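What follows is a pair of complexes built around subunit A, which joins subunit B in one and subunit C in the other.
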Partner chain A sequence: MLALLKRDLYLALYSSSSFFYTSSFFVLVLIILPFLFGTNNVQLQVLFKGIIWIGLSLSILLTMERIFNADYEDGNLDIIIQRYPSLETIIISKYITHWLVYCLPLFIILPILSFLFYVSLDNFFLIFLNLFFGSLGMVFIVTFVSALTLGAKRTIFLKAIIVIPLFVPFLIFGTNLESWPILLALSMMSFVLSIYVSAYGLRLYVE
Partner chain B sequence: MNELKIEDLTCYRGENLVLKDLNTKLKSGETLVIRGSNGSGKTTLLRALSNFIKSYNGTIFFNDKNVLEDTNYRLSFNFVGQKNSLKDNLSVKNNLKLWEIIYQKNISYSKILEDFNMSHLVERDVGSLSDGQKKCISLLRLNFTESKIWYLDEPFVFLDEENSQILIQKIKNFNTNNGIVIITSNINLQNTFTNEIKI
Partner chain C sequence: MNLRLTNKQINIIEKANPFLIVSTIVAFTFGLYFSLLQSPPDYIQGDSMRIMYIHVPSAWFALMAYTILAGSSVLWFITRNPIFSIIARSIAQIGMIFTLISLVTGSIWGKPTWGVWWVWDARLTSMLLLFFLYLAYIFLWKSITNKDLASKISAALAIVGFVNIPIIKFSVDWWNTLHQPATISKLSSPSIDISMMIPLFIMTLATFLFLVTVFFIRLRIEILDNKILRIREVK
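After this line comes the complex of A and B, so read on.
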């Protein structure tokens, strides 16, 4: 598993733009807000709690092609599956690297964004917890959808149609600052579902 | 002495029968060329032999062990498919580095590239290489493991005369070191490798 993690992190490092894709997209979505709704402090704080979830959802959705599809299309998935026969190990390493490469940068810039949107320190920690658990669950969801639709080309709209309804519970509870335990539970359920369905998807591909 | 034995192999892709009752046996130092038209099941056969496809009728034995039950079998072979397993946006060196991590083997990039006289390409982006150059680099994966069998799916596609001869020599050297090779090909290789079956 460590070799797989190292390989995926090197891959992200070599294509260094990967680290900036989601965070720059996330920032751009948030920057649009004051232009649309003005710079009233209270209004911005309320909007911030909701719009970060839209930013996070879109960021994760737009990068889901990179979980398995890139390796599938160039043939690297064959090598990985041959060398590491445990599909579950491959899937877990994908969860970790996808979160580290595409979600961690969001958490690094989150304090600055919170400051710009006048979010209090107490609220910031709750937003952080919500986003942390929510982002894990969302990564589990896009991973299994990515595995199930492996080999289907130009289907980003189809994938979005499958994924967005599954994101809805995270969005509903995510905007409530006290509901991080529910998000944690949702993420745990997503993990259990995801590990089985992703392995099934990869098995279908291999066959 | 290693032995690969295929007994009554029948394989379906979806509902289509692509291989029927295939029987053959290969020993150390032998190369088998599988010829057939497009869609005849050559790649399917290689993927079954490589344990990617597991739902087939018949049995594949390696050293008298059923490959479906032998957990060490996956380390016995090297499969080079039609896809190059290269990232177009990375340099040749970085692609080799990624393979190095997967195969957990340290190699000298310049030395390995000398096989196909490509040392000068080490810093080039793969996306800027020709299909033939990409194919040569993808075949370098054969150097990353100490395998006993090579499964090569259409390895001569895109290769020029010079690189085809280099590959033939590599295969013959591998045979000399007791390696077994199975090649699928559309082109006639009977002058080079006499052991051939048509499917």
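After this line comes the complex of A and C, so read on.
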């Protein structure tokens, strides 16, 4: 498990997306905000809560082809599955990698971002909690959709059509500051769903 | 693939088809006569309310179609009989069209009632999301070239979508509750008048017959499609 995780992390960080890239992506998505809506402090504070979720979903959605597709196309997935008989181990390793590479940078720069957008300290903690639980659930969802669509032609738009309706509950509760327990519940539910469906999808494609 | 079984099914479908088409036309004639000429106009909304007789049945059957889609996907998982996968596929397209009809008629109804074409309220938004769930199912099936695999994968997606519908519905309801409360579902004291209930009932029946007719036509096409696929594979 640890060796697999190490391999996945090395690959993700070496190939194209270092920590720096991901965090720059979040900053750039948020920089659009004042350009689009002006520099009214109160308005920016309200919009920040929404745009941060758009940034998070984009960063998870745009990179979902890296979860299984690369390994599947060069045949490594077959070897990994032979090496680790329990598919759940592989899937959990993918969850951790995807979250660490594409979500964690957001949480590291979130203090700076909320400072830039005049978010008070209390709200900052609530936004942090919301984003944390929401991002876990979104990674679970993206992983099983990616496992199901392995054989489909490489169309990120098809995946977006499948994923975004499933993201809707997270986005709705995510923008409400007090609802982090619901987000936690949603994430746990999607974990249960995701681990079975991803294993089912992987088993189908590898056979 | 049990070809003999599907041949029999095609025969039944072919025999049933003319009866279904005729009964659909008869039911729609009666239904439209009652709903457009016999029933009274609403005392607030006037004649614009009459679009309800199309809107409400198609919304019901849009939801019912997803239930059938998920149900036949589950049955497919249990029995592995390809006919359930074929049923799921044919009902998906019909369900998508019914969702679209209910969205469009609802929007036309909304213009004189609310003054705008679209209101971001809970029911409209969740219907829109249902439309995209159907779309995802159909596109996923189309985009996987190995059709055996495609039916396995899209069955899983249908079940996931069905599990998610209550969650989406709940969250969207929580997000916004502007819409008028449900009128038909209150069985004890329906707040809809009997003079409107009868045409609505006939129109529901007509829409149901229409759904069954189109479903059988689609089913036949999908079965034949499946056969062609098998024959190509053997060659």
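As a convention for this text, the second predicted complex is superposed on the first by the 202 of 207 C-alpha atoms of A that agree within 3 Å, B and C clash if a C-alpha of one lies under 4 Å from a C-alpha of the other, contacts with A are read in each partner's own complex, and residues count from 1 in each chain.
Note that in this section a contact is a pair of C-beta atoms (placed from the backbone, for glycine too) under 8 Å apart; a residue touches a chain by one contact, two chains touch by 3 or more.
Treat the numbers as computed from the prediction; the structure is a model and nothing was measured.
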| item | value |
| --- | --- |
| Fit or clash between subunit C and subunit B when superposed on subunit A | fit |
| Which superposed partner A:A3 touches (first subunit B, second subunit C, both, neither) | first |
| Touching partner for A:L11 - first (subunit B), second (subunit C), both, neither | first |
| Contacts of A:I31 with subunit B and subunit C, given as first, second, both or neither | neither |
| Contacts of A:N76 with subunit B and subunit C, given as first, second, both or neither | first |
| Partner chain in contact with A:L104 - subunit B first, subunit C second, else both or neither | neither |
| Contacts of A:I112 with subunit B and subunit C, given as first, second, both or neither | neither |
| Contacts of A:L166 with subunit B and subunit C, given as first, second, both or neither | second |
| Partner chain(s) touched by A:L148 [first = subunit B, second = subunit C, both, neither] | second |
| Smallest distance from any CA atom of subunit C to any CA atom of subunit B, in Å, after fitting | 5 |
| Partner subunit A, residues of subunit B touching it in the complex | 50-55, 71, 74, 79, 81-90, 94, 97-99, 101-104, 138, 141 |
| For the subunit C and subunit A complex, residues of the former touching the latter | 129, 132-133, 135-136, 139-140, 143-146, 149-150, 152-153, 156-157, 160-161, 163-164, 167-168, 170-172, 174-175 |
| Interfacial residue positions of subunit A with respect to subunit B in the complex | 3-4, 6-7, 10-11, 14-15, 70, 73-76, 78-83, 85, 206-207 |
| Residues on subunit A engaged by subunit C in the complex (per definition of touch) | 144, 148-149, 151-153, 155, 158, 161-162, 164-166, 168-169, 172-173, 186, 189, 193, 197, 200-201, 204-205 |
